[in-house]
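Here come two complexes built around chain A, the first alongside chain B, the second alongside chain C.
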Partner chain A sequence: MTLRAAAAARRLASCTRQQSVVLGSQAEAAHLLAPGMAAGSPRAAAAFLHSHATSFGYKQVREEEKSKLVGNVFSSVASSYDVMNDLMSAGLHRLWKDRLVSKLSPFPGMKHLDVAGGTGDVAFRVLDSIKSVSRRAVGGAISDIEEDTHIYVCDINPNMLNVGKKRASERGYNEEKCLSWIQGDAEALSFEDGSMDGYTIAFGIRNVTHIEKALAEAYRVLKRGGRFLCLELSHVDVPLFKQIYDVYSFSVIPAVGELVAGDRQSYQYLVESIRRFPNQENFAQMIQEAGFERVEYENLVGGVVAIHSGLKL
Partner chain B sequence: MRRTVTLLSRHAGGGGDGRSIPQALSDVLVCPLSKKPLSGVDSIPSLATAHYCCPRFRPANLAAPVRVLSRSRYCEASGSLVSDAVGVSFPVVDGIPSLVPKDGKFLEDDQGKSEQDSKL
Partner chain C sequence: MAASIAARRLLSRATAARRVLPLASVAALAPRRFSAGASVPPQTPTPTLPPPPLEPTPEPLGSEGAGAGASSSSSSFTGTGASGAHRSSPGAAAGARRQAGAGYQEEQEKVLRASLLHVPRMGWSESAMVAGARDVGVSPAIVGAFPRKEAALVEFFMDDCLQQLIDRIDAGEGEQLKTLILSERLSKLVRMRLEMQAPYISKWPQALSIQSQPANVSTSLKQRAVLVDEIWHAAGDAGSDIDWYVKRTVLGGIYSTSEVYMLTDNSPEFRDTWTFVNRRIKDALDLQKTFQEAAYLAEAMGAGVGGTVQGVLNRVFQNRSP
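Right after this comes the complex of A and B.
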């Protein structure tokens, strides 16, 4: 296991060293330019997007296949998804999601869309936050505005949605009237233009085949003044911590995945896909290109996760 | 459009609780391909829109516009959401609408059967 980690770390190191060299073929260039690509150049951006659409972690796959492979990963891990999140992040993912929702500033009467939110973590937090806001403001009486509140949870994988629905009823969120579960594709959302006050995607955008389409769809469904928030695993640059994080990612996580979820491959995909995703700056650039303004990001735990936000003005 | 979608969802929910769509949901849902409102008891699908919006659409498949009555009966029978603009229907499974583009089915699959019944 240590040998594998060392090999992975060496591969990463060589990627970083070579990232400034641009070679002839686009495919080679895409592979080398992946996470820390030269900012601003449209060819590099197109090359990155192509490489993201045809990569499944460190493997190369056909664009049409990627969505199915990701689907298989989540169908397989759905039942142990929440337990694994707790184990892998030592419970920290709860705090990260708390932070995401506090940045959203939910308000009563809002229409909120949580994409790739299958098991409902973010949706439940938004609901709780709105309920506590309205209790403070209105002093307990239910107003008309509150009845307009609606949270839509969209996920491409029905197994994840079913787990979410079950959790909702276990926790007593049997308010079918303000929580809806929809199976849909982040790249082709089934919501009207300008219908949402908020859009969140937590640990989901990495798995989308065409990131730019997901961002464009996010822009489309948001109202003017709507807020986009993305919580995603990102890049660590802090020198010693980076090495520790790499060893942890490549040795510990797949092993725990095998032990708890019975699926090493899926967790191998997970850690590889994190490395292949653009770094904080480049992802912020992509969000800006989709039309969002006031784009900024906040690193948590030295960059292990980052919350990117933008406004549709 | 809102009234017609509500009408549809009530019809769709007639058979069992696994198929009904809450109003708040039907108010914002649109076809993921064309972004146009779902179903509709009034309109006839536009061939031009279908051609551009649905990547799997082949003009030969759509012999004639799907009739109004046959569409609403189709929806009642299967409890699905219909996109007129592209002539595609999306299933509703356990109360969860499945609006993933690749899960849509062409309406003309049942067209032959329905057209015999329609009184238009």
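Right after this comes the complex of A and C.
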């Protein structure tokens, strides 16, 4: 069994253990099987595993297909992305992103990489934070360093990047030489080893095919002392709140998606992908296995979202 | 490095036979680099300090809230991190974790020490810490991982000054102190400690305001309590009477007022501050003597009056007996 398949199997097993996931029906997975192979047979399961299966919501798909399917989802929702975020989180996503950036503590001269941040939400906040630090600085003590500041926004989806660029011009960030928009994959970043001070990924790692690869890449591009921060929708453990949240997730969000964005399926995927994502402890374990130290997480709104952080030393 | 510090701490504990500060809050502290405290007050068993945690858990968020409508809880993750088929033994995993924790502590100490050089120009600020991180060749992003940012810098400075004071006493200044009278000994020790703040005096009000923030008050008080106890111990106080608390409270007050006086002192080399310290300590010791004399007088008067009353009663009862 290849390492990748083993990792996928382990992830599936951990999801089953958490009882926070409903596995896709055999019918959904059947199209992946070779002809003449019964869906329930052990041979079928082995073949399925060797095909490097991964999850797309509750469906099982080939790894090669997942990035294409995720790409389609985000191409579909790009135009209404902001409106839907506000509706789904009642505007709280803004506070969550503020908290992420305050935990990052940006500084003038920082080289920062925001992955899966096509809309620029996090990047703009980092930039504003650096500017406010510069204004507070004693007698221009750090103005010489300010020129070294550079924020890279990396996203695999060109439509999302276009939304970000458009917003940048609307908000007057177009003049900023320190802001770069790069189309790239979180699993194969085009940056040099040890080139970044900070790495953030907000609501993006859930959509990555191989989380371990993305974490390894994050570790690779960070400098010694660099920090990894991940803001992601996570698992609620508060009993009554969990039930309310489940009803809201599976009934309200897809309906709102259909109403506002005219796309129920994409938002159904969103909800399912949250349930498939490892819980806070398991994800923290994965971050530590990638080599990070001082791995911590902070739950916001009872675990609806969590901010995980790690330090490269 | 961490190992050598631990060895030195053990050695200094063994040789100096220093005991633990009795305040419950201070006893709860994990041992720092310096010897934590000196003498023990009456009827106070010496508490055993727990070993320092392998990986410090994050401190409360303090003033940094999670924002309106975003209730939060934070947790530190300390999994073993063993992956693949060959899982390391629990002992090995713990060892690796201890090493990782030590690595972070070492980097933090390096950054904070380098940051102190930038404090006179940039103040007790994140900017100074960022500059310090650059000096030691680590990404300044590491500063964001320090639990309470500027407070961490001030606390490091306080700890470091205390360690320097102890080192100077152990290195021979302690012998010179023995030739002085108690008030001079205390004055010299307070002066030695305050002189360490002289290079940062223009920015010290900022440090005081950081220390007085609700999230930092308890640590600040603990550090001052340990400092005052070390000064009394170095001055030769081995008392185990009720005065133990009074002495430390009085000296703590003198130290704090001298610190504030120093901020407004424009005399060359802080001469006025040292005069102020000498006077306050003399006054305090004179007052203590006055209190003692008053106590003796009251005792004597009590004994005298008691004797007189007893004599009268004896006579009365003797006369009434058949």
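Note that in this section the second predicted complex is superposed on the first by the 254 of 313 C-alpha atoms of A that agree within 3 Å, B and C clash if a C-alpha of one lies under 4 Å from a C-alpha of the other, contacts with A are read in each partner's own complex, and residues count from 1 in each chain.
Simple rule for what comes next: a residue touches a chain if its C-beta (ideal position, glycine included) is under 8 Å from a C-beta of that chain, and two chains touch if they have at least 3 such contacts.
This structure is a prediction, so every number in the text was calculated from the model and none was measured.
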- Note on the structure: Between chain B and chain C, more residues of chain A are touched by C
- Considering only the touch criterion stated at the top, classify A:Phe124 as touching first (chain B), second (chain C), both, or neither. neither
- Considering only touches as defined above, state whether A:Phe107 meets chain B (first), chain C (second), both or neither. second
- Message: Quick check for you: in the superposed arrangement, does A:His150 touch first (chain B), second (chain C), both or neither?
- Response: first
- chain B versus chain C as contact partner of A:Leu92, first or second or both or neither: second
- Task: Determine, under the contact definition given at the top, whether A:Gly184 touches first (chain B), second (chain C), both, or neither.
- Result: first
- Message: Which partner chains sit in contact with A:Gly225 here, chain B, chain C, both or neither? Use first/second/both/neither.
- Response: second
- Query: After superposition on the shared chain, which partner residues are touched by A:Asn162: those of chain B (first), chain C (second), both, or neither?
  - Reply: first
- Figure out whether A:Glu192 sits in contact with chain B (first) or chain C (second), or with both, or with neither. first
- Would you mind listing the overlap between the chain B footprint and the chain C footprint on chain A? none
- Which chain B residues qualify as touching chain A in the complex? 22, 24-25, 28-33, 35, 37, 93-103
- Item | Touch list for chain A against partner chain C, complex | 90, 92, 95-96, 98-99, 102-105, 107-110, 133, 137-138, 141-142, 197-198, 222-227, 280-281, 284-285, 287-289, 293-302, 309, 311, 313
- Item | Touch list for chain C against partner chain A, complex | 55, 58, 64, 66-77, 79, 81, 83, 100, 103-104, 107, 121-123, 125-127, 130, 133, 137-145, 149
- Query: Of all residues in chain A, which touch chain B in the complex?
  - Reply: 111, 150, 152, 156, 158, 161-162, 165, 176-178, 180-185, 188-193, 195, 220
